[in-house]
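So, here's a batch of structures to check.
Shared between the two complexes below is chain A, which pairs with chain B and chain C, respectively.
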Partner chain A sequence: MREINEMLKKKVSELLENGTADRIIGWQAGEFCYDVTPAVMRKDNLDELFYNGFCGANQSKYLIQESLEEGKVLALLKPCDTYSFNQLVKEHRVNREKVYALGIPCSGMLDVDKIKALGITGILSIEDNGEEIKVATMYGDKTCKRTEVLQERCKVCKGKEHKAYDELLIPDEDAPEVPNGEDRFELVNKLEAMTSQERFDFWRGELSKCIRCNACRNVCPACSCRTCVFDNDNSGVAAKSNADDFEENMFHIIRAFHVAGRCTDCGECSRVCPQHIPLHLLNRKFIKDIDEFYGEFQAGEDDTAKGPLTAYTEGDCEPSIVMEKGGEA
Partner chain B sequence: MFKIALDKIDELFAALSGNETLYLPIEKSGEIEFYPYEKDAKVRLDALHTVKSAKDLFFPQTENLMNMKLDGKNIQIEEGRHVEDPFVLFGVRACDARSFDVLDKVFLADPVDSYYAARREHGVIVSMACSRPEETCFCNVFGIDATMPEGDVVVWLDTDHLYWEAKTEKGEALTKTVESVLTDSDSKAVEAQIAATKEIMDKLPLKDLDLTRFTEDEMMNIFNDSRWAEMSEHCLGCGTCTFVCPTCQCYDIRDYDTGHGVVRYRCWDSCMYRDFTRMAHGNPRKSQLERFRQRFMHKLVYFPENNDGMFSCVGCGRCLSKCPIHTNIAKVIKTMGVKEHE
Partner chain C sequence: MQVNETNTVNTEEKEFTPLIVAFCCNWCSYAGADLAGSSRLSYPANVKIIRVPCSCRVNPLFILRAFQRGADGVILCGCHPGDCHYSTGNYYARRRMTLLFSMLDYLGIEKGRTRVEWVSAAEGAKFSATMNDFAATIHKLGPNRKLRDLRCEK
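Our next item is the complex of A and B:
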């Protein structure tokens, strides 16, 4: 990782120096070793740039605003970020010409909440050695396996290939191996196998924790409406909190419907949820259904293809398919 | 001082919840919040923090103020108030316990918020001392003693026992109702724990945050500081920091159309939301920079200025661990605590 960090700094400084871009969205260190903040940097403060296992945030969404500004912005895209980037370009939300995309390798990002959930608290420093994570804490030194504390989305990694870039920091084939992929539909299958009452109880348990902070929506690259229907007083559904449990459910279900066919499964919604609601499972259910009804489709694979929900073909399934779904009455 | 063995603690909870609702940190669907106690609940006294703070019990995230029902051409108005039920709030940490003082300054000042006041009157607070603070803790910066929290009763936990000491009249009265399950104890174990915890507190990475610049004299300099721009640049504008915060107290009053009537309710508001304080003429803070700045100016400058120097942050660290992009009050204090260009 240190090597990549050095290469990255050198490359970025070169690209800003030769005028390829005039600023970069990078990452800045925080108070601790894990609380990294996205930040725009220019030549004069480039020394603050760094890249480590806690740079999980998908920065594609920032490019909507950045590509409206003067000049060209340098975007650092991990392989999975390129899917969101493609999707935003496809939807004309990011102006491709205003972005210089540098593909950077990723060996899986860490989730500090998972480290804390192992009882490792009072964290002072974290050493990421590839297989083992060494954590120095106020209560002594601890270790855990890297695979135990990977972000959920990294456990079902889409692979090390960048789907969009102007330049790659290192060729994809030389990039570190990504973590072994688990079946991303495993939990969806489990939910589908439940009775409708069990499934209802599961989602009520999860969604009743929602504090309606809107972090999932605000971070979501597919949620790119200028004014969300839930912020629009004229919509009749605007709300700052869940007035009742019906609203708790519906906010997330409506959001999942709205991003269906466009969600790349980047996992940001679940990453930012302060209540650890597995929101990505709603999206994955839609992805699985789309795969089954229309053939396999990965949103953001490229920046041109029409998605199955926005294109019509004769072989499309009938809308009445919904009557056959949904478990027992 | 009294004590009870931890393996018998359910007897204490049963006694406390006998006549009134007992709220304490309970895990549901993987997260810990203050929920009403019931038998077999997964009580988590080991957790440092609940996700939301304990302010919910006095100032709920949503509360119905009135119900309007349509009946032909008549509108029936019913009060929706539900604030007279006595309750015990158990397991509040020192930071959250101090947050009630902050909220009191707002809601008990004239004109008194009768909803909040009624809940304060009917609630008994059993606070719990800390023995294992985390790196995100900085309550000491605001003069809070994590080993000796405020509250009607204070409890300390070691590996085998819970120690109980009443601090107020309300606390004495509560103690009487549970005396049968408690036994007398000396304070040796508690004193030893306090000493050990203080040593840990001395090693906290944020213990030396410097608040001296946050004064009325510096108000306009801080307000006009150009560094707000870079600090707020990547704020997502979500409400996480404000909703997990024990002291954020802004609210909105809204009408909810039920289809056959209207529910007028109050709900937490967030200065991070772009319709925050929007009124007929528009919104006084149009940019995220202005809204972001408002949050910290309020906590660190305006509030203390209006309330005898009391900051409206208690150093619980929730925003540090929950902000999706890790922009938080500790970073603001460090940045703005030093004059620009120094």
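Our next item is the complex of A and C:
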């Protein structure tokens, strides 16, 4: 990771020097090494640029605003970010001309909560190379296994291939290995196999934790309406907080529905949820249904293909298929 | 006091008549309902029809909001696939509703509470039969408890 960090800094200053772009969206270190925030930087404060195992944030969404401004912006895209990027370009939300996309390698991002759950606290710095993670803490050096502390979404990694870029920092073939992709529908299948009442209880338990901070909506690269239906006073559903359990359900059904067929399964919604609600399970249910009913589809694979909800075939299944197919009553 | 309360609950259960919201497209199903009426075919009075320009005008929020406001079942009627007044509207509606219904099932809501039926302007008999059947299904399922605004509960 250290070499990649050095290479990245060199490459970025080179690109800003020669005028390819005039600013960059990168990551800035916060108070702690795991407290990294995306930030726009220019030549004069480029030394703040930072890339480590906690730079999980998907930067594609910031490009919507950035590509409206003067000049070209340099975007650092991890392989999974390029799916969201493609999707935004397809929807004409990001002006491709105004973005210079530099593909950077990623070998899975770390979840600081999981590290802390292992009893490693007072983290000062992290050395992540290969299978073993070395953590320097206030109480001495500790180690943990990489697979134990990977973010949830990285366990089902889509692979190391960048789907869109102007330049790659390291060719995809030479990039470090990515975690082996597990079956991403495993939990969805498990839920589907439950009885209807069990599912209801599971989701009540999860969704009732929602504090309606809207972080899942605000971070989602697919959720990019200028005025959200939940902020529109004329929509009849605008609300600052969930008044009852119906509104908890409604917000999350509609949030997931509005990105159905466009969600690239980047997992940002679950990453940012302060209540740790597994929101990706709602998105994955839609992805799984779309795959089953209308054929395999991966949003953001390219920037031209029509999405499954903006297309149809005459022989599509009828909605009554849910009666036969869905989980037990 | 307690005796009274149990009494009211009991009578309410006995008298359960489902409230059903039917979204009908202007060109086929609404005309179908009209034909059912002028042919003197009966369908339950607690089916409340909301006329929409096309089945694809119905967005998932409409369906959820109907439940929120106390509906026990929601049915969407449109032109048969291929006969849409706007050529393709019902094809899109079909995909959306399939995904929405599947999601409701995933969240543990009873499957039978939502339905899509294609009813043409000439199918007054089908309209009345569909509504009678749907009302019976919802009656069997009982009142909608899982997907509603609990502030409406008395």
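In this text, the second predicted complex is superposed on the first by the 315 of 329 C-alpha atoms of A that agree within 3 Å, B and C clash if a C-alpha of one lies under 4 Å from a C-alpha of the other, contacts with A are read in each partner's own complex, and residues count from 1 in each chain.
Quick note on the criterion: a contact is a pair of C-beta atoms (placed from the backbone, for glycine too) under 8 Å apart; a residue touches a chain by one contact, two chains touch by 3 or more.
Since this is a predicted model, take the numbers as computed values, not measurements.
K.L.:
Touching A:191 in the superposition: chain B (first), chain C (second), both, neither?
P.N.:
second
K.L.:
Report for A:275: first if it touches chain B alone, second if chain C alone, otherwise both or neither.
P.N.:
A:275 sits against chain B, while chain C stays out of touch.
K.L.:
Which holds for A:89: it touches chain B only (first), chain C only (second), both, or neither?
P.N.:
Neither: A:89 stays clear of chain B and chain C.
K.L.:
Considering only the touch criterion stated at the top, classify A:211 as touching first (chain B), second (chain C), both, or neither.
P.N.:
first
K.L.:
Touch test for A:74: chain B only (first), chain C only (second), both, or neither?
P.N.:
neither
K.L.:
In the overlaid three-chain picture, which partner chain does A:256 touch, first (chain B) or second (chain C), both, or neither?
P.N.:
Only chain C is touched by A:256; chain B is not.
K.L.:
In the overlaid three-chain picture, which partner chain does A:24 touch, first (chain B) or second (chain C), both, or neither?
P.N.:
neither
K.L.:
Based on the superposed arrangement, let me know which partner A:236 touches: chain B (first), chain C (second), both, or neither?
P.N.:
both
K.L.:
In the superposed arrangement, what residues of chain A touch both chain B and chain C?
P.N.:
Dual-contact residues (chain A): 236, 243.
K.L.:
For chain C, which residues are in contact with chain A within the complex?
P.N.:
Residues 60-61, 64-65, 67-68, 81-82, 88, 91-92, 94-112, 114-116, 146-151.
K.L.:
Chain A touches which residues of chain B in the complex?
P.N.:
28-31, 33, 48, 51-52, 61-62, 132-136, 200, 203-206, 230, 233-234, 236-240, 242-244, 252, 254, 256-257, 263, 265, 267-270, 273-275, 320-322, 324-328, 330-331, 334
K.L.:
Going by the contact rule set out above, which residues of chain A touch chain B in the complex?
P.N.:
30-32, 35-40, 57, 62, 113, 121-124, 138-139, 205-206, 208-209, 211-215, 217-219, 231, 233, 236, 239-243, 271-272, 274-276
K.L.:
For chain A, which residues count as touching chain C in their complex?
P.N.:
191-192, 196-204, 229, 235-237, 243-247, 249-250, 253-254, 256-257, 260, 282, 285-286, 289-290, 293-294, 308-310, 312-314, 316-323, 325-327, 329
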